[in-house]
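Working notes for the structure below.
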Amino acid sequence: MTEQLDAGAYNFAYLDEQTKRMIRRAILKAIAVPGYQVPFASREMPMPYGWGTGGVQVTAACLVPEDRLKVIDQGADDTTNAVSIRRFFQRTAGVATTEATAEATVIQTRHRIPETPLKAGQILVYQVPIPEPLRFLEPRETETRKMHALEEYGLMHVKLYEDIARHGQIATSYAYPVRVEGRYVMDPSPIPKFDNPKLGNNPAIQLFGAGREQRIYALPPWSRVESLDFDDHPFRPSKAPHRCDLCGAGHSYLDEVITDDAGGRMFVCSDTDFCAGRRARGHRGRLAAEASAPPPHPSPTRGEGGAPSDGLAQGGAALASPPPRGEGLGAGGAGPEGTA
Amino acid sequence: MIRIENLSKSFTLHNQGGAVIPVMAGAALTVGPGECVGLTGPSGAGKSTLMRMVHGNYLAAGGSIRVGELDVATAEPRQIIALRRQVLGHVSQFLRVVPRVPTLEVVAEPLLALGTDAEEARERAAALLRRLNIPERLWPLSPTTFSGGEQQRVNIARGFVHAYPALLLDEPTASLDAANREVVLNLIEEAKARGAAILGIFHDEAARARVCDRLVDVTGFTPKAAA
Amino acid sequence: MTLMERMAMTDQPLLRVEGLTKRYGQRIGCAEVSFDLYPGEVLGIVGESGSGKSTLLSCLAGHQRADLGRIVYDGRDVLAMPETERRRLSRTDWAYVHQNPRDGLRMGVSAGGNVGERLMAVGARHYGEIRGKAADWLARVEIAADRIDDRPSAFSGGMQQRLQIARNLVTGPRLVFMDEPTGGLDVSVQARLLDLLRGLVRDLGLSVIIVTHDLAVVRLLAHRLMVMKSGRVVEQGLTDQVLDDPQHAYTQLLVSSVLQV
């Protein structure tokens, strides 16, 4: 076997045409019924469950040779998970790739929505560990399906009630449940709730693929998406109350990076493309001088930054989240608390 | 107010070979408003059986028992429930209550069931308990722990707390001391004065003589022909 | 309008059951059960294990589908309703108290969340109000206010049962199904629960169908009694009448078998 796989040895984008047709049918149904989880015959992929097998299959079914693909993992293009999926499609589909959000036609993502606003014509594919938002309180699949069918969503608010009762506020900071078009309650995958407002009214197509759970769901462009909340505890997207230390952005989602073992830390944009673009345009943050040019994205050696990745592991969705954070990706944005 | 006609009763003992025991036939009596009728006859003659039938506790085999406008012998259970709630009071010899419930609540309950304001119901219950010499320190306790005489007085209080148009009294003065006996007899006289029709069993002859306007000997209701 | 006419109009049964039958293959679960239940009435169903009383209750509550018969609730045919409507009914107008509180509670959710769930299920979206109502109901079932954020797993059996009752009654149901609600509780706890239930029935005008094998419980709680044997109703009537002057052979046996205390 040669080092460089011959793309011709595989069907375009790895999956056979019948499988892609099956997945496309599921996608079309998902788009037709926004927020509804469509079962599909998820295939074995040459990567373990939890590493984005659902997203990869959806991407494979969407790709055409003219596409330009971007893959991010928690906002970063350069982490193991993102790199290996990007290379997978370079080899099996031969499509062009990019790190620039604006230039991509298909973006596969794990746990983030890019900061750069998406455009009509773009497809954002989410990797989903647990698609069922009701699973937290109702373990029976038969029952959760019935609850969706009959719009019995009181349980979702029980979860939020418990949050407030225990923490004084809604402490859910990622995978924050939403209601789509006033109908289906949907798990937006473990994106930080900071990203929730971008789900709705988005000109791009958003597709969600859960490989192990064998579900596909979707938000067609311009969908109405509401984050669940209480009248007296309204939904608030939150982020660390800092500016990016590299590009100075004050309105992007930040990762906290430990820089030494003496308590040093910095906050940087989790969206590497967004951050690099700003710096290229001359924006500078607090520590931009130290991060010498050309500015590499910092490579912290520890990943105990908190949510979303670590928070996820504690939150019970750990099964779906083996840590593909690779060498270097600081796991987290700021913790769920203390954010504004 | 109470009119019994041609009433009969028998018990069928299915678990003893289906033996049928006729215990009453052709019973008839009336009790008018403001009247007190005492049932007499030796033990086992059927005084209690008759009382229970009027209360709806025993089913009649035939005949009719009119209390007000309702024929208890043929009424639906829920009609009897309504009758007991509003019209027909009953003082039995036994106190049957939920354990743990305070005496004051036990006495107030018939009023609460009628929808009386809780405050007023408790005040009226308290007044009766005071009159019947139940010490106030016992009111928060369940009557299940009381002596026989105390339980009897709680039972009487329950039966008189609402001004029932008809009353059944089963030995209301038994096991009472002279003072409390006097209170109970006064209560009965007051009930008669306001027009209540009372049917009772009184073994206490002096009490019977004092409150009863007529006596009916139930021996006459015993079935004649036994096979 | 005469008084009689007015009574006839307002005095409609809340629940009317006609010829309800449920078979398990050749075996009879319950057969040809008919009765009316009026507002504010408590109906006891007694019988030994396997008599069909639990099958009947679960058919009435919609947990199982009856094979034959009709259930008319408040003028509406329950068995002909779409499932959405039936489930809505069971979240609002109806309540079901399980024998084992674990079956009726969410053990991983706080007491307040358990009580609030039915409110949220019918659209309550104000945290403060939900919590206020939950606190009010905990007080009504005699659970201390400072336990509102504790999970039911930290409660005693009697408290769990009272919590289950609060959780069920918070939406102001009119019809409550109870399956052996005092089973498995200590005698002293039973008494407290009975007292609580009696008060709630009286104050809220609840109609209740209570299944139990405990004749002492029905004597204190039920206005009317239905005795079941082998899936059929063998006798029904006023509770004290059925217990004190039973007509059917089986009822006589049942009553005479109870140990006197």
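Chains: A, B and C, in written order; residue numbering restarts at 1 for each.
In this text, a residue touches a chain if its C-beta (ideal position, glycine included) is under 8 Å from a C-beta of that chain, and two chains touch if they have at least 3 such contacts.
Not measured: the values here are computed from a predicted model.
Novice: Using C-alpha centroids, which chain lies at the maximum separation from chain C?
Specialist: Result for max centroid distance from chain C is chain A.
Novice: Could you name the chain whose Cα mean is nearest to the mean of all protein Cα atoms here?
Specialist: C
Novice: What whole-number Å value describes the gap between the mean CA coordinates of chain A and chain B?
Specialist: That gives a centre separation of 77 Å.
Novice: Just give me the whole-number Å value for how far the CA centre of chain A lies from that of chain C.
Specialist: About 47 Å, centre to centre.
Novice: State, to the nearest whole Å, the distance from the C-alpha centre of chain B to the C-alpha centre of chain C.
Specialist: 31
Novice: For the complex, give me every residue of chain B touching chain C.
Specialist: Those residues of chain B that touch chain C are 11-15, 52, 56-59, 77-78, 80-81, 96-101, 112-113.
Novice: List the residues on chain A that touch chain C in their complex, please.
Specialist: The contact residues of chain A facing chain C are 137, 150, 152-155, 157-158, 161-162, 164-166, 229-233.
Novice: Show me the residue ranges of chain C that touch chain B in the complex, using the header's touch definition.
Specialist: 38, 41, 188, 191-192, 194-195, 198, 202, 219-220, 223-224, 237-238, 240-241, 244-245, 247-249, 252-253, 256
Novice: Show me the residue ranges of chain C that touch chain A in the complex, using the header's touch definition.
Specialist: For this pair, the touching residues of chain C are 83-84, 87, 91, 106, 108-110, 112-113, 116-118, 120-122, 124-128, 130-131, 148-149.
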